Amino acid sequence: MNNTPIMKIEGLGISFGGLKAVDDVSFDVDRNQVKTVIGPNGAGKSTLFNLISGALRPRSGRVLIDGAVLNGKSAGQIKAHGLSRSFQITNLFFDLTVRENLRLAAQYLEPARHAWLPIKRSARAASKVDELLSRFILTVKADELAGSLSHGEQRRLEIAVCLASEPKVLLLDEPTQGMSHGDTEDTKELIRGLTDSVTVLLIEHDVGLVMDISDSIVVMHQGKKLAEGTPASVRQNADVQAAYFGSV
Amino acid sequence: MRDEQSRSIRVSHAFLLLFCACALVAAAIGAVSGNSFYLRLATEALILAGLALSVDLLLGYTGALSLGQALYFGVGAYVSALVLLQTASFWLAMSAAGAASLLSAFIGGLIANRVRAVYFTLITLGLSQVIGKVVYNTRELGASDGIIGIPVIDIGIGGWSVSAADPTGFFLVVLVFIVILYGALAYLLETPFGRVLIALRSNEKRVPFLGYSVWRARMIAYVLAGVVAGLSGALYPMLRGFVSPELMSFSMSSNAVVAVLLGGAGTLVGALYGSVLLVVIKSIIGSWTEHHLIVIGALFIWSILFFPRGLMGMIIPYFLKRPSEEQSTVQVPSNVSLSGEAK
Amino acid sequence: MELSDYIQFVLMPQVINGLALGIAVTLVALGLTIIFGLLDVINMSHGEFYAIGAFGAISLGALGLNFWVMLALVPLLMAPMGVLAERVLIKRVFNSKDRHVATLLVTLGLSLILEDVLRLVYGPNTHRLDAPISGASEFFGVLVPNYRLLLILVGVGVICAVSFVTYRTRLGAMVRAAAYDRSMTSSLGIPVDWVYAGTFAVGVSLAGLAGVLLAPLYSVFPTMGRDFILLAFSVVIVGGMGSIVGAVIAGLALTQVQALASLVISPVWTDPIVFSAMVIFLMFRPQGLFGRLGHA
């Protein structure tokens, strides 16, 4: 059983103008755990995600997955290393069906030459689609257009699409944003259930959710890592309390 | 289980069969009545339908509007003409035209695919104008008069031989050609690669995150479209006995775009119906007055404003049963919306 | 030929000719770039409005009107046409998912109609208009045709007026605001719909004005818009879509390139050169030399 961290973030940093949006942030992510990054608005969480996923190039630091360095690589190469990210603003193919959204993502599992053969021949992708449809409770809606789904269903689909390529690490950017309470609960269960096959790193605002499902939490504040640890230890951390509630 | 796109293509196939049936009837009438004028006009409509297919591949599927596909049509036509002047071989002319349009579309693609959306459209327009004017000015290519005196050829397939001078025979040859083109494109659209093109039209920004190279997909589509246009163009001198710079003109490109939008972008078979519709309107209106462009322009505008999905774009969904009958909350996409950006 | 003679008798006249054409091209491009910069609309029928201006001059001239009257009257008569086009056509596709392409297509259809209407009314042949003034004046030994001089003066005047109104008047500020943020401007009580229609009308009137100005110099025929629009687009792309300064600089530069190049190579090759400039800019710097107007 491999106990080394699957992902290492080492000294990541980036500045915009004179502002250090992310300042020397380091932490490890253990295999098959749920790690959450939280922090007040403007703490630099989304920027951190952009640095990890390759959307932004860091000024300093490295990102490694299973020892392979990720920074500076293209979206395709990063994906090849096993990183998959979801989007805060739902970014699906709204005028394609749910099934097609998933199939496009799952095609990643197939060898390149299958791209030129009829779709029926990509059996592995097809079975992946069925698996995801059932796991994310979207089977009934499989032939609906993604744009006609409710917000909660779209967010679920968004996560499912990210999982289709069987990544090692899943980056979820505020997956429950805008969701109703019921949907949020369902998503909690879903994320918890993911860890048998994937490691999850997520950004979240819903503190209750974070406390419930995280194995480990990283707290960011003004670009720096303020604290890291289990939910219990973070809850009792005085610095964290000060950051959230201010020194008013 | 069949997904929506597959079912849509099947309906399209049915309409193709209908199209062929009508074409065969027309051919029979033409053969019996001995009237070659209309048969030749119909053949020309089919050749133009090939150009329209080329436009639809880019517009209806990748979501990219090219206003310069006539460039490759013209390249194919000129190369075919030049070959035929030397050797009266159908297969040699077609191969040469195919190779020439492949190469020029590759170069054109490198230029045009640097940019997206409306800038892509303007580059394709500019490219076809530059090359068109160069051809217009080149005496070796016949300058503004083009190349005339293309000999009549015999087209040999297996044991059969058809003369290009035979109106009915050549019409059937071109019909078969168009059906083959349609078949190839329809096959492509049912492959994972073809579906990536459709994904490009839907939401280009998301595509790289799924592991696909957008540039590569657009290049392949562009080159394929160029070859489709070039092979169609190669047939033109066989039909009319001449080629001219007009074949590369903006008129030619824009007519193809009009045909696609009238027939329905993104339906493949719409390109065929749209081309025929255009030719029919031109000849009907043309018999009363020279000013058929007013009618076509008006029809085009009316279509864009009120029927952006075009003829087939409206008819085909009618044959597809949606799983849920209630109105979807999202606008089913108009095939005129093209940048592929999710706003 | 001696260098000074060459300059005096070949080069400078060509430069002046290029300048005259350049001013007119700039007017057309100005209209096109304003329509793009402020309305975000690609107007493929712009060339036809240029042609309408020229034909308007022919018709009014045939009625015996004075050239000066025509110069003012034609653009004025064309303004309502522009308003009509904007309200009936452009407004309807304005809010579609891809405004650029939708307006491009709708104005493409309009261009087909307009061109054929011109052919219907005036026939396919070319018409000519006599220049209102003839003769030439001498500047530093160079003979400058008086009409071209007039054209340059009128054109420069109009360009300056447009720039002034856009940037230094309240009206211009309103228009720019409407371009920048429609709903905000509307909530300030400004009739945004009319601002949009008016802007389009001004754009096409500029093209019409150029048509009148160039009518005495070049032949007038129904398809004259088609070639001209490519030149106009090239100017707009190179200058920067939406930039007034860009349209002026690129308009003058590209026409000078055309004029001077035709001294060394056959004039038929100057068009491909100009269009190639457009392609090259689109490849490497699609935003052109300068930025956008309404979104500065």
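Chains here go by letter, A, B and C, matching the order in which they are written, and residues are numbered from 1 within each.
Everything below uses one rule, namely that a contact is a pair of C-beta atoms (placed from the backbone, for glycine too) under 8 Å apart; a residue touches a chain by one contact, two chains touch by 3 or more.
Since we're looking at a predicted model, the values are computed, not measured.
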Central chain of the complex, centres being mean CA coordinates: B
Farthest chain relative to chain B (centres taken as mean CA coordinates): A
Gap in Å, rounded to a whole number, between the CA centres of chain B and chain A: 43
Rounded Å distance between chain B and chain C, as computed from the means of their C-alpha atoms: 33
Chain A and chain C, separation of their C-alpha mean positions in angstrom: 52
Chain B, residues touching no fewer than two other chains: 333
Residues of chain C that touch chain B when the two form their complex: 42, 89, 92-93, 96-98, 100-102, 104-106, 108-113, 115-117, 119-120, 226, 230, 233-234, 237, 266, 268-269, 271-272, 275-276, 278-279, 282-284, 286
Sites on chain B touched by chain A in the complex: 3-6, 187, 190-193, 195-196, 198-199, 202-203, 205-206, 208-213, 322-324, 328-333, 342
Of chain B, residues touching chain C in the complex: 65, 111, 114-115, 117-119, 121-123, 125-127, 129-130, 133-134, 136-137, 250, 254, 257-258, 261, 290-294, 296-298, 300-301, 304-305, 308, 333-334, 336-339, 341, 343
Complex contacts: residues of chain A adjacent to chain B: 74-76, 79-80, 84-85, 91-97, 99-100, 103-105, 107-108, 110, 114-119, 122, 125, 143-145, 147-148, 161, 165
